[in-house]
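In what comes next, subunit A is part of two complexes: it sits with subunit B in the first one and with subunit C in the second one.
On to the complex of A and B.
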């Protein structure tokens, strides 16, 4: 569509033989960069450096000090890092965050793939269903977490009492051993659409004749899923798992809305411990925490980059 | 990385047309079982919205019972009027809108300009490095930078909505530049060159010819910037120092204790905060869906 527009307009503007005021500036490899390009790019680079790079470097710098966020400070070398590795609050936050991220990744991908397969098969009301399934993507995480907080605290226990399901009669939000489940569920609820859209795009790349051929050979739908669909969209699965894991590691708003880290500190994520750096006066210490957290996400991102490069089609 | 082949112009259109073809072809033999299962799943998506709407429309006496599924009787608007005044909805809405508009416009213009400079000088090493440099922020989640950014914005008097909009733009740059650059590199350069022969400057050629051609990508970039900015809680809550300048999502959190058991007020407030994005989505859903698909696949 756009391509044809380009073609016609090129013809239209190129055909009248204009007096060549200057030789057509075809790729001037050796000449100087036109100044206007610098005006286009430099302001962005400067802003980016001030807003992103500077704070990143500042964080690393302060992680080697004993700063409380203001006033004087001294260098303490690797002390913050050494303390971190034996701090139960930090270790449990990492354990909790990684556990929640892993559970969410699995649940999100199973649900998203199932929905994507359903939505790409011959069904009724396809557009309406797709519109509904994407809805969670457009609402604010903290607000929807407040809504679910009400449901988990009031509706679920009330329903459990009526149906005599003992375990659920008390709100799972108040149970230190079960509260994490609510976080996984709500995060999944909100994260499914993005993964689903990626899977739908992936399923579109699988040619329909492959299914038709295998159906003639008598393959069951389950067999088709295992030996055709999954292998053919494996690249998309990998990308979804990695992107999801990286995103879920920074989980914050949904926890604030559901449990606010409680009961006690049972559901405190890494992001929450970092943000506490201002209130608790352990600014430099949480900078060290941020740096470690950054190294973890960077590692995952580099793996992602390697895979994306390998899968040219994505 | 993302190869230009995947971002052919008009890709958005092709995605939608492709997705509709199987439906049309198989219209004779619908899968009713699958449809029913999907409708049941859709109910899980709808459930929290149903709870929100029904609770918001209840009267104070009925809401305090906390029965999520009971229909409101009588239907009462009291929740809305109370929430409107209590949270000063118009002000929070204006601030949220302001931040979002600045973010969307700023993200599209700045990243389109940067991408244009990068893609038209791709053979120069400095421009390629600039590209990878901007891409770097994709690997930096906000929590990593939060403490330093709070400190810096405080120092330069940007601990306000404007500072949040600026940070939103900066965090969207990586992704947006990636999309625009891939698109621009697949766009033939002859087009601008012929315009330049006609006497247009490089900047003129960009604004009058290239930028309009970027529209489908700008839509995708804009939709993602809108959703990220409008719904964000973390950044405004950390950066904006003055509570009276907070955005809608943060206001919901600030008023939690005052809502207490006045569920109808709380849910009316949530509903008013969520409604603008939902309405915008439903109105433009066809467009948004193809935009989101474009962005998601990158």
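On to the complex of A and C.
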């Protein structure tokens, strides 16, 4: 697009007889435009290198040492990694985190898709409803977590008592077998809007006439959903699943606000174990943990990149 | 809220990093050529305004030195960058111990005669790993904690302060029969379980410092089957703790520190296992709350009674500080009896000097005799590196997880830490 605008501008200024002399100045101009873009990139590149790449590389470096975060250290080879793989606290944190991420991803996508279908159909007050459903996105996670902490610890048990629902009379936050559900629910509540927006965009790409044609052939709405809508937005589903899974793996503030890893260690996520390394001189060890965690998220990101690229080509 | 209890670094860590870099940027710009600027790190939230005034006083009285009060920077980040504060005044816990034991603090032995710290209190510093041959940490303020009880409820049921374990259980039985919840527990906040129930039960039953020394001597040999272990030593006290915990109000599992303060202040339970920091909160809710304090009896011998203490504030000067003389000047200003005694009286704390005056607060006077006899211990929860989620383990035990299994995990965690 850039080249074409430049071309038209040169065409406009240059008179017809000089046309053969056109290529060299155009190349020059193109190069100048590119340099401007490089300048645009530079600040971000510098910040990214200083704030993310360099610390990440330093972290990986320290994961092969016995550093406590300051002072002298020695190289210990792969020791941190070896100890880590036999550390039940870390292994169970991975199990818990992956389990929660999977459950959340399923729930988020089911709810978001249902809402998106509802909000793209012919209903009243569509814009107002969309706005309302997007609201959770703008509230900070830790605030959501504290509000829900109060609801789960006080409101729900009180309501259960009034309604004589025995199971819910004790807060689920206090139950090591159920506390994870609260985390899935609250994370879902917060994550649905983003997924929903992507689905709304996806549903808008499905042409109306396909539905009309199928309706003439006598397809029921359910059949339309299964055989038209879902296949046509499959790319969006994939994106949502992968982006969501990657995000939910690093859940942190919602857990801190809801259960702080408890009861016991029932809801300690990987991010929380990593953070404990800063608090008490377990720096190098938790750097090894975060290196592994980084590799896992990197793999997911690469898969996502592949899929989205493939999608763009279609 | 008490600052040693909150693991403040988790939430303030990122903010701290940001603040620290901003502060570093600002101080380098604000170079006043006449006076040396030193950073005074003090972050106990309740007393920040108090120290701000104190520092202003110091700056006025001391030409040539300008102390800057820093209450937000991340300590770890400061040490990691080689730019720690010039004088630290913080709770002495494991976060500080790790700097101490690696020799990050300078030797203050020459100031010891001036500080005149009570030897039994200075000894508390040595219960954690130290750096040999140095006096790196000078205690400033000590807090003593035990069981808070409602004097009115006790009087109503003709109850005496229990001095043995069986008397304590008897008290709980009487209260329970009368329909008064004997103990208010707040399991939703793991630290309250660790610092209350667990620390009191263990500290009242065993010699915590000696146990830890023997455990550390084992080094990587530690483990559930070693000659000294959490599994062996803590099992009995913690079984008794579970008997005590059973007298908690219904629904304790979903109640937090704030709920506990409100409920106890309103007289909804007879006892509350919290430190003196809760007294301030309780007084805010109900200024007339009739609160008394007694140590939790864990044996059948009243001679065994002890209270839990912690060095709520202790002073140290990092080796990396380029302003040693100025930092020492501020330190000497702070330990002057008139300054230190005022601080401790104002903040429900015990003085640490040999000749420190007695506490004046009527509630704390219950504990004065124990402090005088050095009948105190530091809580076991404070001696376990934070990388082991001990508070969460404590919460797990009282909410129904297997004690035996948890102690085993604790032993294995400890050994794993010693091996790397």
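The rule is short, and it goes like this: the second predicted complex is superposed on the first by the 271 of 314 C-alpha atoms of A that agree within 3 Å, B and C clash if a C-alpha of one lies under 4 Å from a C-alpha of the other, contacts with A are read in each partner's own complex, and residues count from 1 in each chain.
By our rule, contacts are C-beta pairs under 8 Å (C-beta built on N, C-alpha and C of every residue); 3 or more make two chains touch, one makes a residue touch a chain.
Source: prediction; values computed, not measured.
Once the two complexes are overlaid on the shared chain, A:48 sits against subunit B while remaining clear of subunit C. Of the two partner chains placed by superposition, A:234 touches none, neither subunit B nor subunit C.
Applying the stated contact rule after C-alpha superposition, one finds that A:256 touches each of subunit B and subunit C.
Subunit A is touched at more residues by one of its partners, and among subunit B and subunit C that partner is B. With both structures placed on the common chain, the touch criterion links A:69 to subunit B and to subunit C.
In the superposition on chain A, A:155 makes contact with subunit B only, while subunit C stays out of contact range.
In the overlay built on the shared chain, the residue A:220 is in contact with neither subunit B nor subunit C. In the overlay built on the shared chain, the residue A:275 is in contact with subunit B and with subunit C. Shared contact residues of subunit A, touching subunit B in one structure and subunit C in the other: 69, 154, 256, 275, 277-278, 286. Partner subunit B is touched in their complex by these residues of subunit A: 1-3, 5-6, 9-10, 13-14, 18, 20-22, 24-27, 29, 33-34, 36-41, 43-45, 47-48, 50-52, 54-56, 58-59, 62, 69, 115, 118-127, 129-144, 146-148, 150-151, 154-155, 158, 189, 193-194, 197-198, 200-201, 204, 208, 246, 249-250, 252-253, 256-257, 270-271, 274-275, 277-278, 283, 286-287, 290-291, 293-294, 297-298, 301-302, 305, 308-309, 312-314. Listing the residues of subunit C that touch subunit A in their complex gives 7, 9-11, 13, 76, 79-80, 82, 94-95, 98-99, 102, 104, 187-190, 251, 253-256, 385-387, 389, 392-393, 395-397, 399-401, 406, 409, 412-413, 416-417, 419-420. Only residues 1-3, 5-6, 8-10, 13, 15, 18-19, 22-23, 26-27, 29-32, 34-35, 37-39, 41-42, 44-49, 51-52, 55, 66-69, 110-111, 113-114, 116-118, 120-121, 123-124, 127, 130, 133-134, 136-152, 166-167, 169-171, 173, 187-191, 193-199, 201-203, 206, 213, 216, 227, 230-234, 238, 248-249, 252-253, 256, 263, 266-267, 270, 273-274, 277-278, 280-282, 285-286, 288-289, 292-293, 296-297 of subunit B touch subunit A when the two sit together in their complex. In the complex of the two chains, the subunit A residues touching subunit C come out as 66, 68-71, 76, 79-80, 83, 86-89, 152-154, 157, 170-171, 173-176, 256, 260-266, 268, 275-282, 285-286.
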